[in-house]
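Please find the structures below.
The two complexes that follow have chain A in common; it is paired with chain B in the first and with chain C in the second.
Up next, the complex of A and B:
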């Protein structure tokens, strides 16, 4: 343990930047392989709304020149990488004068906030319930109730979102149908705004939590049962330690380690599940922005948002990797 | 080693000592879909103050299950069917969970079978000894506890530098010593060593065995040693109980058992101890074993016994003291009215 050795940190950071570089390349490559052309698509849209656009050829040519789409691909690629490094994702094609960075700056805090809270709650509740399920001193009643609460695990988060919307917004009218906060409220550090944010965030968070806590609970339960059979558990019982102390210091402490690894691995999936949920609730997060951008063939926004999500996920995995040796004494940074 | 590491003098005098552990009619069954497996089917023995009792027998004979039964650590599908375990004038089997927990380790400690995995991998060595001390004696000052743990390390020959280490940083022999240090931390009355040296190579095995014996002698604690290494047993224990299929078939002093084994099974077991000077086949494999779910009526060893008689197939043999310090459960030995014991085989050959 102790401080993180320099060479391990450097190597881990290297992997982090390599991941981002590869991701950026793929993000750049895929839209260029897909059919359709953003500028033509935009002119088409203008044509549809305005009926006829004069000199559309000149507009297309002009914009292509302006966005550098007439340059050879390698030149475009190198320029693209340079822009990504400075977080300059260009302009949104659909909402023209707005830059992609501005769109992301508006959306990212919402997504990060929602995701952080939802994932933290899911992880804590799931692991807590899993531990309780496997613990021999748990009342029998709980052992029947908890699996019943896990039926949501087998449905996708969008269905859970629709289900929650129907029950709690439509039928009971407890929570608002859509949005991140009420329109009349001024954003800022006032109680009204915070209350509104919590009210609007509850259902989206709940639909992420409901469908995924069972995953953690079952994983934890399995780990706990494996540890139950370990020799050190046998000795712990022979030592006459108190039941609750054995639960958290011997069982949960060891069972949680693979769960944390699993969290790092599934983080990407969690993000993608969130995108759909955000769309259903018209939540002002990255998910909604990405969905809009795909509909509008807004390449710059797709690139920018995907890139930021990948950077965020890679960063979270990096953090988990760096703190893991602090949690598991058997793992030393970079080995010997 | 210039001197033998055992102490035989205690064999002659143990009967005058106090009984610290008295096991009566202990039965532990494992539930299976086809009926209960009678892993331990009514064993009785006494453990005297300061003595070391060896519990030997082939794999699956129930010796570890017997130990776990005494420790009350049987987990489902196993269960204790009946019996009494008297320790310090109270019956462990009739206690509440909390009463039992308080007596664990303070009165009855365990040196586990798999020392390799018996330490919690995410706790420092010191913390794992500290938790058992503080659970039973209440919170202590950091300096006091450190001094005490280092003292324990010294007793089992461990260096102080492992204090802050984790189990994976220790060798197998060191881990086993940590387990010994842990077992003596609360100065228990009885220590059960469940094949504590089986997983170690012979050199480390001997060192650990010597450590165990030295510590035992220094503390005067009584010990039950479970194992199948007859050679090691001969050097470590005062008396040996031979188990076969959930029954104790013979309890005898080490010398009696090795030189004049009474029960046919003990005889086969002693004959099977490998020797450097001659190669001999393993005799014990002859005959078939019974289904552990459905033992035959009468003697438990009848199917493999070379001396089996009609009586063995119907009547369970009583325990007979065939000579001082040697009790055998076998129909070959008949107690006469005058108290002497005759061997039935002698009558058959010399009418």
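Up next, the complex of A and C:
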């Protein structure tokens, strides 16, 4: 253990900023390369319905002003980057005058909370199962059950969400079908609200857990098998150490660390999966905001929420990568 | 899963646990004892094959014009079931029909290959880029390697679905090939990393050194010495990529951002959700494409597991 080497830190920070810069550039550039500029199209649509929208001319003017459509492209690009950096994503078209940032501020806690709980549970269950699976003292029966559970892993979370929603909400009526909490309940630190949140969050969380725990189990198992062949395992056996002690002290502790790196790599997929699950359950998170925005052709919201999720993911990956050398003494960050 | 696939190398590399296993293994030393006849691989290939066959043969055996709007009666369940309005299913529409009068069987026949095609095209393009970049990085080293690693590290951190959502909602109308190419733009980093790592480790191995000493050209070393050893890895990576690409495509389609002119499985699920098929208990509408997609992913999983075992003999031994 020791301080994070400067080179490594600089490289990681560089990747972080480059990621955000690249993502911001792509989502700015590609819509402009395509025929039919989204903003012009949006304003056209608004102009067409101008007779019916209150204050529409002010909105249109505001938008034109805001996007500076008459400025040359490089000026627009620099201004856009500045806006993105200050998390100023402009106004939502459908919910004017709500800003995109306000929509995000409402939705993000739900997404982060659900994600954190789901990922923690998945990580624990998956690694536990993977360790059990590779351990020679595990009853045989277990070894047949787990590969069957792995099949779940291959199924996308959105499909699992549909099945769970149908079975447990529609057919059995055990869980509510939509939303993050009951409509009549006042949000706050009371039992009724917390109970309602848990009830509404169970199926969305389960959809994520069910389809991703096998990934960790497979990874853990692979790691354990590699460790099985190491010399120190033979030594431990020769010393006559108890099987469970070997499992925990020699195998799991060595195998779990690369799993943390794997978490950094798969986080993007996890976030994407959850966004879709939220939309299926109409959970109040970012997924539902994005879906509504797609329906309303609310491009600023789509751009803002997606960018925010990209930033959050990149940040989480950065944190994991920076913590990693502190917990795994085997890793050195010199030249590699 | 069994000792059948144990190859001579594993036996040589690892001391067998008992004499019986050695005998059994030696007894299977024949032409069928090839790691490519992996049961998981074959199972997966069979599942995917059946789905594709449905798409290809279905076009000849079933009237695919029924996949268009208003070609059939509305909201019919499959035969033997009753919908909420008390209508019974008829055999003219064996998988039922949906809200706007499309025959589900015809939709699936047209849709299943589309969803699959997007994945395969995206994975192929991604793989091609990955092979070129991975070999370049591994062989040249230096600043080229640094640059390629940097870009792939950056790309891999971006949750591609988010970027794709923005792009597709800006484009509105996308066709299958545009969608596949957009997805491919995010599916090259993992093959690049994999191939780079393999090339780096192979570069130092005896047979590559030998080939270098005997004056083989760089191209020969790449394609005649290294490539054959990479094939199982390439296949595994390809399948992984295709799975990821289909996943991205289905995600976009279910959000209503997929191709709108051709039926896709994800697009069908989107329509079903839009029309509250779940609440109207029209399970055949959302359930059949969901089930088919799930089966497709399970098939891909089996293929992937099979290639993993071929590439990594240790897995074969330990899965007993």
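Simple rule for what comes next: the second predicted complex is superposed on the first by the 292 of 336 C-alpha atoms of A that agree within 3 Å, B and C clash if a C-alpha of one lies under 4 Å from a C-alpha of the other, contacts with A are read in each partner's own complex, and residues count from 1 in each chain.
Criterion: contacts are C-beta pairs under 8 Å (C-beta built on N, C-alpha and C of every residue); 3 or more make two chains touch, one makes a residue touch a chain.
For clarity, every value in this text was computed on a predicted model and none was experimentally measured.
*Asks:* What is the contact status of A:302 with respect to chain B (first) and chain C (second): first, second, both, or neither?
*Replies:* After superposing on A, A:302 lies in contact with chain C but is clear of chain B.
*Asks:* With both complexes superposed on chain A, which partner does A:249 reach: first (chain B), second (chain C), both or neither?
*Replies:* A:249 sits against chain B, while chain C stays out of touch.
*Asks:* Tell me the contact category for A:182 with respect to chain B and chain C: first, second, both or neither.
*Replies:* Once the two structures are laid over each other on A, A:182 reaches no partner at all.
*Asks:* Given the touch rule stated above, what does A:71 touch, chain B (first), chain C (second), both, or neither?
*Replies:* After superposing on A, A:71 lies clear of both chain B and chain C.
*Asks:* Using the superposition on chain A described above, determine whether A:328 touches chain B (first), chain C (second), both, or neither.
*Replies:* First partner only.
*Asks:* Check whether A:231 is in contact with chain B, with chain C, with both or with neither, and answer first, second, both or neither.
*Replies:* first
*Asks:* Mind working out whether A:159 is in touch with chain B, chain C, both or neither, as first, second, both or neither?
*Replies:* In the superposition, A:159 contacts chain C only.
*Asks:* Which holds for A:239: it touches chain B only (first), chain C only (second), both, or neither?
*Replies:* The answer is first: A:239 touches chain B but not chain C.
*Asks:* Looking at chain A, does chain B or chain C touch a larger number of its residues?
*Replies:* The partner making contact with more of chain A's residues is C.
*Asks:* Can you list the residues of chain A that touch chain B in one structure and chain C in the other?
*Replies:* Shared contact residues on chain A (touching chain B in one complex, chain C in the other): none at all.
*Asks:* Taking the complex as given, what residues does chain C use to touch chain A?
*Replies:* Touching chain A from chain C are residues 14, 150, 153-163, 165-167, 169-172, 243-244, 247-248, 250-251, 254-257, 269, 273, 278-279, 281, 283, 286-287, 290, 293-294, 297-298, 300-301, 314-315, 318.
*Asks:* Across the complex, what residues on chain A touch chain B?
*Replies:* 230-232, 234-242, 245, 249-250, 253-254, 257, 328-330
*Asks:* In the complex formed with chain A, which residues of chain B make contact?
*Replies:* 71, 73, 100-106, 109-110, 112-114, 116-123, 131-132, 135-136, 166, 168, 179, 182
*Asks:* In their complex, what parts of chain A are in touch with chain C?
*Replies:* It is residues 14-16, 18-19, 22-23, 26-27, 30-31, 34, 36, 38, 134, 150-151, 153-156, 158-159, 162-163, 165-166, 170, 177, 222, 225-226, 228-229, 265, 267-269, 271-272, 275-276, 279-280, 290-291, 293-295, 297, 299, 302-303, 306-307, 309-310, 313-314, 317 of chain A that touch chain C.
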